[in-house]
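Multiple structures follow.
Two complexes are shown next, each including chain A; its partner changes from chain B in the first to chain C in the second.
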Partner chain A sequence: MTCFDIFNPLTVFIFFACVIVAGIFTMNPVISLISLAGALAFRLALPVKKDKKIHIWTVLMTIACMVFNPVFGHIGSTVIVVINNHNVTVEAALYGLFLGIMLSGAVYWFASFSAIMTSDKITYILGFVSRKAALVVTMALRFIPMYIRKARQMSTDQKALGLYKDETIVSRLRGTMRVFSGLLSYMIEKTIITSDSMSARGYSGRRRRNYSLYPFARRDALFLAFSLVFAACAVYATAKNALFYNFYPYMDKISTQPLAMLGYIGYGLLCICPSVTEGGNRLKWRCLRSKISHSDIRLPIR
Partner chain B sequence: MALLEVKNLTFGYPSSDTIINDVSFEIERGDFVALCGPTGSGKTTLLRLMKPELTPLGGKSGSVLFGGVNTDELSPEESCKIGFVQQSPEHQIVTDKVWHEIVFGMENLRCEQNLMKRRLAEIMSYFGIDSLFDADTADLSGGQKQMISLAGVLAMNPEVIILDEPTSQLDPVAASDFMTTLKKLNEDLGMTIIITEHRLENVVPLCNKLCVLEGGRVTAFGETRETIKSVIDNDRIIASMPGSVRIYKALGAQGECPLTVSQGKKYFAEHFVPCAPLSADDEPKRGAKAVELKNVYFRYDRNSPDALRNASLTVYENEVFCLLGANGSGKSTLLYTIAGLLTPYAGSVEILGKNIRKYKGQSLYDNCVALLPQDVQPMFLQSTLREEFRKAHISFDEPGFDLSYVAETHPYDLSGGEQQLAALAIALASKPKILLLDEPTKGLDSYAKTAVCDELKKLRDSGVTVITVTHDVEFAARCADRAAMFFRGEVMCVDTPRRFFSENLFYTTSAAKIASGLCPGVITPDDVSGITEGRL
Partner chain C sequence: MISGKNEKLRKALSVLILFVFIPAVVLSGVFIFRSKNYSYGIFAVAALSVMLFACGFDRRKTGTRRLVLAAAAVTMASVGRAVFSFVPGVNPITAVTVLFAVYLGGEAGFMIGAFSALISNIFAGQGVWTPFQMFAWGMIGLIAGVFSKQFAGHTVRLCVYTFFAGLAYSFIMDVWTVIWAYNTFRLSYYIASISSAAPYTAVYAVSNVVFTALLAKPFSEKLGRIKIKYGI
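The block that comes next holds the complex of A and B.
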């Protein structure tokens, strides 16, 4: 488990929105690197272990950006080689590299986001926008997989019935159509049961009150406040053009003016926030555990 | 004042005759009423007429009073005091999470957060399902799904719960758990319960009142034992009653009617006529081997446990073979393996003396093997049964059972029994030599079960080998030539039904539980009446 399980989903959502949006819209090498480093640090802090696939994909994606950007984009001034009268430039390659880094950062942030946000947390957030939409999503989450399973079952059952042939493409296509039309009437029939079940429990399309599973605690307020302040620094710096970076025709020097520094530090703190929270929480556990094992108190429950 | 009062209620759907005909009765607070009657007698319609939101469209006269108020005039909040649980575990669940399903009704009533919290905690603790709080409803078993539906209704604090065949889709263990929960609600909380059920075995011992509905009329209503006595000559109603009641009838219906197995055992000891043990059935004449499985192993996933382990089984031509076993024992897996839809990773399967791997393409299903799935409804693709039969190239006189009276009906509107028979007719259209059936009696009443049983025997006599997987011990006792017990992916024992059920101690028919101690070999109430008639 992660300590983000006890945060309100809204807090988590706003934080990730800040990090990802700021990271994507500020095309600045420093910000991209900070974003990637923060995302990786958070991946390490989280107790999810199956990251091999993601690593492979991000590396491949970065390499692809680095290779294809100079192949298709020919601006830039430092020419490496000329192919078919087209310049392949260092700037374009580096632009591709940083694009890859920025996207990789976003991928890692999204991976952590989806590890924390289970389906009920997402519907909880959707409930703020529209209660009906939230209900529709919960129902879809139940019914779509259910009917997909049913369709598979129907397809095997039809095969074993021995009535239909499926040796040619046409007959197989016909079989698919048969499953589809059968599923359709089956769904229509069964939806009546569901709608009866809803109205029997007082559903009438009037306003509902959503049950809230998640409290909003002081830790949420604190975490949210930090996130918003740090994000504001980055946004302010971006808005004042201090983080603007040009790759073409010559790459700019990395700006060190105070406003840019504010942006870097703000975004850096924002990115390190979750890792620190998660890490701190782990440390706390370690302390607690040693305390528990040293104490002589035992609960009477066996 | 009665809690629920039905006064001269008459109802008919727009397109048909009256379904409910001048029905009147009263239900007191704390009553546990079982509503019984043959399929098509209007049970479901009557129940729906008591719940305003589900009242069907049609011509209605008379009234239903809930706490003295006509149900048509109840506000939505008041109407939620009448809870309603339907038959289908799968489709009456609305949301994807268990906790959400339970608060769903309260959300609709716009209850306060604190009230919802309190109820959620109370209900989940009471049902002992707190470990399922975060579970996906899709991962639950049928029994758990029905329990969640009941919990969701209870969360709205109803005064009466109406249940329309809540356990007909469940296996016997889950069904009896569900009934025990209902009894607990009735005794602990004084909850008023009205229930219909095909499987009265579990209901009759629990209810305090019985209402018999026939052809839309209440023909008997009152205290359970008295009501049973008053309809004891009505074979169709008694056929759906528990084994103890049928044995009571077979022994001449003297004295107080036993309802449970233990009462039945006592009654039988007092009233039975001593008899020689019923001779075991002759071993059926062995034909050629139709299906032979040798040490078959199967698993769904490389890392999952074996669903079939060392399963060996021989089924001969022209027999009805019943495979019994609990949920998850792998019996359906075995059936799908025989049908060539699952491939074992070890062992061999031979169909009609030829290895199943040698059947290429569709040849296994050409006049050879046909499988009738558990849920037959999706098999129907046309708008009338006539059309359905025409597409399968079968005529109405071909199957031995008569369905021509529903030829113009939409297959979905047929009763469960009629659907099963129609599906059977369609499965037989490919002229299979081996017919595989997965739970053919699920959700059927005793009348339809008899029809299916007769049909299977007829098929056997005409040269078809029938292998059926079932939970239903009473059905197997009546219809099998041989029965087998499946456990942990393995066939544990194979025997003729009389030996099988009289030697089983727990997994056997209620007639065997009641009578086989004193009269060895008895496995059905019919056996008891056979003995007594022989004596008279």
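The block that comes next holds the complex of A and C.
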């Protein structure tokens, strides 16, 4: 369990929106590196099961960007080789590299987002946009395990009836289609029954309210305020063109003017925000744990 | 929350969102992220148009049966994607969306496509592409629903439509890839992107046809039976 499970999902969603939007739409090498570093730090801080394959993906993606960008784009001034009258340039390769870093950062942020934003939280956020849509998604999420169970039952039933599936593809496909066809009938009938009983319980009545388990607490206000202020710094610097970075035809020097520094620091603080929250929370848990060990407890002598 | 008790406030808010909030988000972003203005613009438009559709769906009176059937369709599509996830480029979302959209109409079709993308991405992985997938599949469903009279009961037409829908889906996603990476639309990048995805596109378009051809018949049979049984 992460400490973000008790936060209001809207807070968490707005934070991720800030980080990702500011990160991927500002093409600046420093911002891309900060985004990647922050995403990796947060990934380390999150106490959830992590998929190791993601690293292979991001590395491959970065390499692919670095290779393909100079092959297909020929602008830039420092030529490495000329192939078929096309210049392969250093600038294009470096653009590819930073593009890859930016994309990798986004991939890691999204991996953390998926780990935190479980389906119930997505439904909660959807409820703000449209309650009907939220209802459809909630029902679909409830139907998924139900239909999978039913499909297994049907498959077993068919085996018991003597309708065996062979190992050949055609036979397997036909068997799957038999199950699917049965499932479709079951599903449609079930739909009618469900909707009729919903109507009977007053679903189509006029007034409807949604209920949720997530209060908007002080911690949410604090976290939201921090992330909005830091994001505003980064967006302000971007809007004032301080973070603008040119790769072509020559690469710019990294800007160190005050406004650019404001952008870097703001975005850096934004990226480190969740790791600090998560890490701090776990530290607090460690500190508050009882120091009395079992051996210290003496039973009263009778 | 916002969706409070006051019906008038709710209506005012929805108008405000449509005419003030969405243009403001798109325009301000385009001016702020100048070096990435095109990619930001199309990202915002895709995400917000999905939102807009959801709002419209909320205001329209949809029968309970239709609503629950839409949920069941989303389930079918998402489970199908999970089942076939071992074959790259194959998923039945387009086929299921189109078949249900023809029966349920354009708006429900959009919702089925869009939410199948959202829910199956909970298992397959969310990303920057989620709003685009929602938009692309939603549009496929919407168009199928709009032309439902032409499609209903014509398996061949449906197969042709899903074939081209599969191609269109890949092409839309490639437009996004190119604009996101380079912030311009250059034909050479687009061709490179399309050609690198060509095997997937081909597999996807053909598998759509196979799914549609296999599902169309049981589908119309079952729905016809239910129509007689419950008198819908």
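In this text, the second predicted complex is superposed on the first by the 240 of 302 C-alpha atoms of A that agree within 3 Å, B and C clash if a C-alpha of one lies under 4 Å from a C-alpha of the other, contacts with A are read in each partner's own complex, and residues count from 1 in each chain.
The criterion applied here is as follows: contacts are C-beta pairs under 8 Å (C-beta built on N, C-alpha and C of every residue); 3 or more make two chains touch, one makes a residue touch a chain.
Please read these numbers as outputs of a predicted model, since none were measured by experiment.
K.L.:
Determine, for the superposed model, which of the two partners chain B and chain C contacts more residues of chain A.
P.N.:
Looking at chain A, the partner in contact with more of its residues is C.
K.L.:
Go through the superposed model and pick first if A:106 touches only chain B, second if only chain C, both, or neither.
P.N.:
A:106: touches chain C, not chain B.
K.L.:
Now for A:52: first (chain B), second (chain C), both, or neither, which partner does it touch?
P.N.:
neither
K.L.:
Determine, under the contact definition given at the top, whether A:213 touches first (chain B), second (chain C), both, or neither.
P.N.:
It touches chain B, and chain C stays clear.
K.L.:
Touch check for A:181: first (chain B), second (chain C), both, or neither?
P.N.:
In the superposed model, A:181 contacts both chain B and chain C.
K.L.:
Applying the touch criterion given at the start, work out whether A:286 contacts chain B, chain C, both or neither, answering first, second, both or neither.
P.N.:
neither
K.L.:
Looking at A:160, would you say it contacts chain B, chain C, both, or neither? Reply first, second, both or neither.
P.N.:
first
K.L.:
Output check: A:199 vs chain B and chain C. Expected answer is one of first, second, both, neither. What do you get?
P.N.:
A:199: touches chain B and chain C.
K.L.:
By the touch definition at the top of the document, which applies to A:150: first (chain B), second (chain C), both, or neither?
P.N.:
first
K.L.:
Considering only touches as defined above, state whether A:128 meets chain B (first), chain C (second), both or neither.
P.N.:
After superposing on A, A:128 lies in contact with chain C but is clear of chain B.
K.L.:
Can you pull the chain A residues that chain B and chain C both touch?
P.N.:
The overlap between the chain B and chain C interfaces on chain A comprises residues 119, 135, 139, 141, 181, 185, 189-191, 194, 196, 198-199, 203-204, 209-210.
K.L.:
Mind listing the chain C positions that touch chain A in their complex?
P.N.:
1-3, 5, 29, 31-36, 39-40, 43, 51, 54-55, 57-58, 62-65, 67-72, 74-76, 78-79, 111, 115, 118-119, 122, 125-128, 180-183, 186, 188-189, 192, 214-215, 218-219, 222-223, 225-226, 230
K.L.:
Can you check the complex and tell me which residues of chain A touch chain B?
P.N.:
119-120, 135, 138-139, 141-142, 145-146, 150, 153-154, 156-163, 165-167, 178, 181-183, 185-186, 189-191, 193-194, 196-204, 206-213
K.L.:
Can you tell me which positions in chain A touch chain C when the two form their complex?
P.N.:
20-21, 24-27, 65, 68, 72-73, 99, 106-107, 110-111, 113-114, 117, 119, 122, 126-133, 135-137, 139-141, 143-144, 147-148, 177, 180-181, 184-185, 187-192, 194-196, 198-199, 203-204, 209-210, 235, 238-239, 241, 244-245
K.L.:
Mind pulling up the chain B residues that touch chain A in the complex?
P.N.:
Within the complex, chain B contacts chain A at residues 51, 53-54, 76-77, 79-80, 83-84, 86, 88, 90-97, 99-100, 103-111, 113, 116, 120, 134, 136-138, 149, 152-153, 156, 336, 339-341, 361-362, 365-373, 375, 377-381, 392, 412, 426-427, 429-430, 432, 436.
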